[in-house]
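Structures are listed in the sections that come next.
Next come two complexes built around chain A: one with chain B, the other with chain C.
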Partner chain A sequence: MLKDAVETKTTYEIIKDSAVEAGLTQLTPERIQTVILETLESETGPRLKAYVNMCVHCGLCSEACSYYLSNNKEPRFAPVAKVKNTIGEMIRKKGRVDNDFLRQAVQIAYTECNLCKRCVMYCPFGIDVAYLMSIVRRICHKLGITPQYIQDTAHSHAATMNQMWVKEDQWIDTLQWQEGDAREEIPDLRIPLDKNGADIMYSVIAPEPKFQASLIYQAAVIMNTAGVDWTMPSAPGWDNSDMAMYTGDSEIMGRVKRAHFEAAMRLKVNRIVMGECGHAFRSVYDVGNRWLSYKMPPVPVIHAIDFYYELISTGKIKIREKFKEPVTLHDPCNVIRGRGLMEKSRYVVNAICENLVEMTPNREHNFCCGAGGGVINCGPPYKTRRMINNKRKAEQIKETGTKVLISPCHNCHSGLEDICHHYELGMDVKFISDILYEVMEK
Partner chain B sequence: MDSLFNFVYGPMLWVAFIVFIVGSIYKLGSFLIQTRSKEGQILSYMSFKYGLRSLFVWILPFATVNMRKHAIFTFITFLFHISLLLSPILLVSHVMLVDESFNLSWWTLPDLVADIMTIIVVASGLFLLARRLKPGIVKYVTTMVDYAVLLIVILPFVTGFMAYHQILPYKLMIFTHILTGEIMLMAIPFTKLNHMLLGAFTRAYIGSEFGSVRHARDW
Partner chain C sequence: MQDSKKWDWSVGEKTIQINDWNKSYVWVEEYQTSPDGEKIGAIVRVDEESSGICINGDLFENTFEKIWNFRFSPNGSATALVADMDEWTVSVDGMVWENQFDYIWDMRFSQDGDVTAVAFQKDGKYGMAVNDTMWENTFGNMTGMTLNRSGSKSAAVVQVVPFSEGEISKFQKGIFSVCENGEAWDGAFTNIWDIALDDSNPVTAATIRTDLYHYTISVNNTPWSTTYSCVWEPAINPKTGAVSAPVKTSSGWTLAENNHLIWNRRYKQVWGHQYLPGGKNIAAIVSPQFGKWTAAVDDNAWTVLFNEYAGSLTISPDGSHVAIIGQTDGKWFYALDGKISGMHFDRIWEPVFSADSNHLACKVEKNGGFSIVVDGKLFSETFEAVWEPVFSPCGKFVLLKALNGGVYLRKVIAVDQI
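And now, the complex of A and B:
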């Protein structure tokens, strides 16, 4: 049995967030109403109306949501309830909502929904609850009541074009540092910066140079061993992450994505390969591109899973000896439900590991990690509650009986580590590249 | 009574059908036109293949994961919707009325089958009502509108059944049957019942997104 996560806090409460509180003091009822009505009028259309008016409150979406399942089926956590208690009320009251309502709306939209879209597959009408929650976040952003920690990352995007306040020289230094270290292992290894006309631009999220530089090392070894013609941009645009997408700051999202695409275009690469990150993929492949009026990304975007699949299946990377310990594999929403890479990720994991134990449910129906969609980025104030909300995920992982958990997504990775720690699962969370680097012929 | 009856069976019937047909065209038309003008990108993601794939899967009983998870609910709601749609259209007495007025007729259901379907609609309607009253998520999100819509749908069937079996005074029952039927028709474009019109479009849209952008199943 799982250690009971609910022992510390059983009752539902609205968590105090200093940025939300500060934002609320600046608002007047008129301002709130104006922002809500203007956003609904100028940024939404018949889709939102249809979703909200058509929903027959059948409740079939409820069991899709791990929040609902983690909280003993408490109604407020069902997707339909989240819609009703946020955008539903805003529409019904024609924007005349008060601060208490907004506090609750912030908590629901930013911390009780990962925008994972699992419930979309459970609604007979295909109502996109993630879209509805995004509209709530958009309104909260415009009202200036975004949770503090995630807002800080959005500020970082705005000021530096990356998520972690990484300065340009730090970025280049980090790459050279990793190149230097890796050359002790592979003497002629390079991390080519700004190589014009390379086949691939490799992009990462800012937490990699900030505190997970070994991932860049591993990527460099994989690229060099496979003999890939690759490059990384030295100038802003190297970061593919995008928390502005999740705060509701579409304008900053657009700037960040433009910088990313333009970095690739400037370097005249054929395609962008990105590291094992889910939300960045969503942003580049599905959301940010649309804001910039690209139906599909202007430069082909390949997620790491897809890329490893290509390298292994074409024999560019050979496996020396498979990883022996049983592993389980988490299906991140943004690349599985968002890009259909479920069979490729299994191909890769089976190529590098001897024993893959599936989670149940899996593939498109996998439970969300509970961290993505910007939820983990809302930071420490919400962590205890997040752990309670992730109970179902913890059970699902534990049922596999494995000690190694592969998660090809950064947000999932961090969230799953929290879960493993909190529920004392004693599991090691790894990226595919952690194992691939270990078992490949170099 | 006779003048009231003549009213609901005369001008009111015309009004009901006109409101239903014109309202539905308006609803669908404005939905599509506004989508085109305000959210044109949606149309560019619509895929014939994946939209139909999604619709096909979702009209097959038990084809989706969630339908299998709620087997009893699925069984009942499929029977409910099929009976709800077919029995009024294929009822002998309805077709006869159309035939008398417009000289148009089509295949009909045996009365016994129509009778059973009517009972199915009412019984499953009661099941849906019970589901709304039971503590839990459905009750939490249910509003008066949901009860009203359910009532609007079930009443014509209850009254039709009673009229056919002459349970209460026939004239009164046939009057309420026609009236409640008219209310239901007029409610379709302007209440949640509009899922009858728009449901296929939202389904096809999300099916298109999942199929051609996300390369994943939406069931």
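And now, the complex of A and C:
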């Protein structure tokens, strides 16, 4: 039994967030109604109408939702209930909703739905609840009631084009620092900056230069060992992440994505390879590109899983000795349900590890980490509740009996570390690159 | 700027052996060529502790612990950012600036190459240094550095209000300003991007966000009275000083100038606009329908549409021609005045016009080899690498700089022989 499976509080409460509370004080009933109606009128269309009209409240989405399962099947956590209690009421009341409603809508849309789209697979009509929750987030953004921590992240994106307030010199300096350190291991290793015409532009998310610079080191070793013609941009556009996508600030999302694509276009690379991040992939491959009017990314974008698959399957990276300890593998929604990389991730993990123990369910049916849809970015005020909401995920992980958990996604990684710590699972959470770097021939 | 009339334009080939550089040094970084093609250089690792700059096989006397961003300026100076003992400075033809910094980056040149500017960080404060002179004022953070063509104006977005991460209310009230030549505008905006500087008019313009939702253009620190849900980078009319920008209206993207909409059509996207010489016409990259891209001149979109991308809008010197590059189904083309190139490429670089505007050339990659395409004809030879082509002042010759088999080639080719 999990540590606090019994003592878990299931009492539902609205969590106080200073930014949400401050935003609510600025609202009037007229303002609320105007924003909601304008957003519904100008930014939605047949898709929303079809979803709203098609839902027959069958509840088949409920069992698909890890929040519902983690909260003793409390009906309010069923996706259909979350829709009803947010966008459904906004539509039914024609925007005449009050602050108490909005306070709850913020909590549901930003912290009780991770936009993982698992429920979409179980809906007989394929209703995309993540899309509906994204509209709620968009409305909350326009009302100025976004949770503080994720709003600050969106501010960072707006000011610096990266999510962690990394200053321009800090970025380049960090790359050169990692390059220097890696030369202790591979004397002629380079992280080529601004190499025009390289095959690949490698992009990362800002937590890497900010907190996890060793991941850049590992990537550089992998690239150099594989003999890849690669580069990294010195200018803004290097960060592929996009929390503005999750706050509902589409305009900043688009600006950040444009900077990313233009960095690649400026360097004339054939493709972008991005590190192990899921939401960043979603923002580049699905959401942000389309806001800009790109049907698909204007330059091919390859997630790290896909890239490792290419390097290993073509023999560019050879495995010296497989990782011996049993591992389990998390399937990040944004690159599994969002891109279908489930078999490639297994090819890679099986190539570098002796014993992969599958979670159940797995692949596109895997449970969400409860973090990567912007939930973890809402910060400490919501962490305790986030842990309760992740109980089902904790159970799923624990059932594997392994002590190493691979997560090829940054936000999943952070969320899973929180889960492992909170539920005392005693597991070490790793990126694929952590193990690949360890077991590859150099 | 090098006077290209004085370059050697005699048809023929010069070569420089570079295959022994790899034997002489620990490693050789990316090669760079001088504008006239007479020099090829690279950052080279001299030993475990130091790097240098090698030009035509000769190593500059000064070596450094770190070197990056080596380039030839438009006037042919070998310029790079260099550091010893974590003190950074700029090296120009082997001579270093007197000022030293904790870090420098974003090196920019004036059009003639006589002015070199960098962004710097010193003691945690940020500013720009222009020809070894630091801005008088420095700031807590700085982004979006720019330099005008003459080099007379340097500008950047600077943080003028003390701020800590997480202070979202303070951020939204405004903490950023524009700093021009070391002097910041009064007041602050929530965000500022894309500073445009002009050579012939006393105009500085930038995209601003006055809160989380309202975007507009600020001209000399005075925002337009109309705001939009989104705005892209401004451009300044070289003749009149008018400022224009792509703006997002409730019905789509279009172009505004001096606070008024000037294009009638609405697009899925508009950006990268430029005034044609004379200032009477404007060209831009547009997306007339979702997922389709082309160029528009004065609100008239070309009928040729690319499925994946259009960009690198280039205007001929006399303003009579507009060229872009575009991608459809993974194949790259260029389009000139609305007509797509007959052949496609694996990659294509920015279009280059001759001074008389009569010829167009591009660096291209096809089937793994690099070459140039001139007036729609692909040069018969391919190379391991080429640089972007340069036309002679008369437009009759094109300079091709290329690498093959450890040899650098400077070839002058008659345009009518391609």
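By our rule, the second predicted complex is superposed on the first by the 438 of 442 C-alpha atoms of A that agree within 3 Å, B and C clash if a C-alpha of one lies under 4 Å from a C-alpha of the other, contacts with A are read in each partner's own complex, and residues count from 1 in each chain.
Here is the rule we use: a contact is a pair of C-beta atoms (placed from the backbone, for glycine too) under 8 Å apart; a residue touches a chain by one contact, two chains touch by 3 or more.
Since the structure is predicted, the reported quantities are computational estimates derived from the model, not experimental observations.
In the superposition on chain A, no contact is made by A:211 with either chain B or chain C. Looking at the shared chain after the overlay, A:295 reaches both chain B and chain C. Of the two partner chains, chain C is the only one touched by A:148; chain B is not.
Judged by the touch definition given at the top, the superposed model places A:12 against neither chain B nor chain C. Touching of chain A by both chain B and chain C, each in its own complex, is seen for residues 290, 295-296.
Contact residues of chain B toward chain A in the complex are 30-31, 34-35, 38-39, 41-42, 44-45, 54, 58, 64-66, 69-70, 73, 132, 136-143, 146, 149, 192, 194-195, 198-199, 201-203, 205-207, 210, 213-219. Within the complex, the chain A residues that touch chain B are 44-47, 50-51, 53-60, 62-64, 68, 73, 75-76, 78, 80-81, 84, 120-122, 124-128, 286, 290, 295-296, 336-340, 342, 364-365.
Interface residues of chain A facing chain C in the complex, by the touch rule stated above, are 19, 22, 42, 141-142, 144, 148-149, 151-152, 155-156, 158-161, 165, 167-169, 172-173, 176, 187-188, 190, 192-197, 234-236, 249, 251, 254-255, 258, 265, 268, 270, 290, 292-296, 298-299. Those residues of chain C lying in contact with chain A across their complex are 26-27, 29-30, 45, 48, 66, 68-69, 102-106, 119, 121, 126, 141-143, 165-169, 171-172, 176, 190-191, 193, 209, 212-213, 215, 229-230, 248, 250, 268-269, 271, 287, 290-291, 293, 307-309, 311, 327, 346-347, 349, 365, 385.
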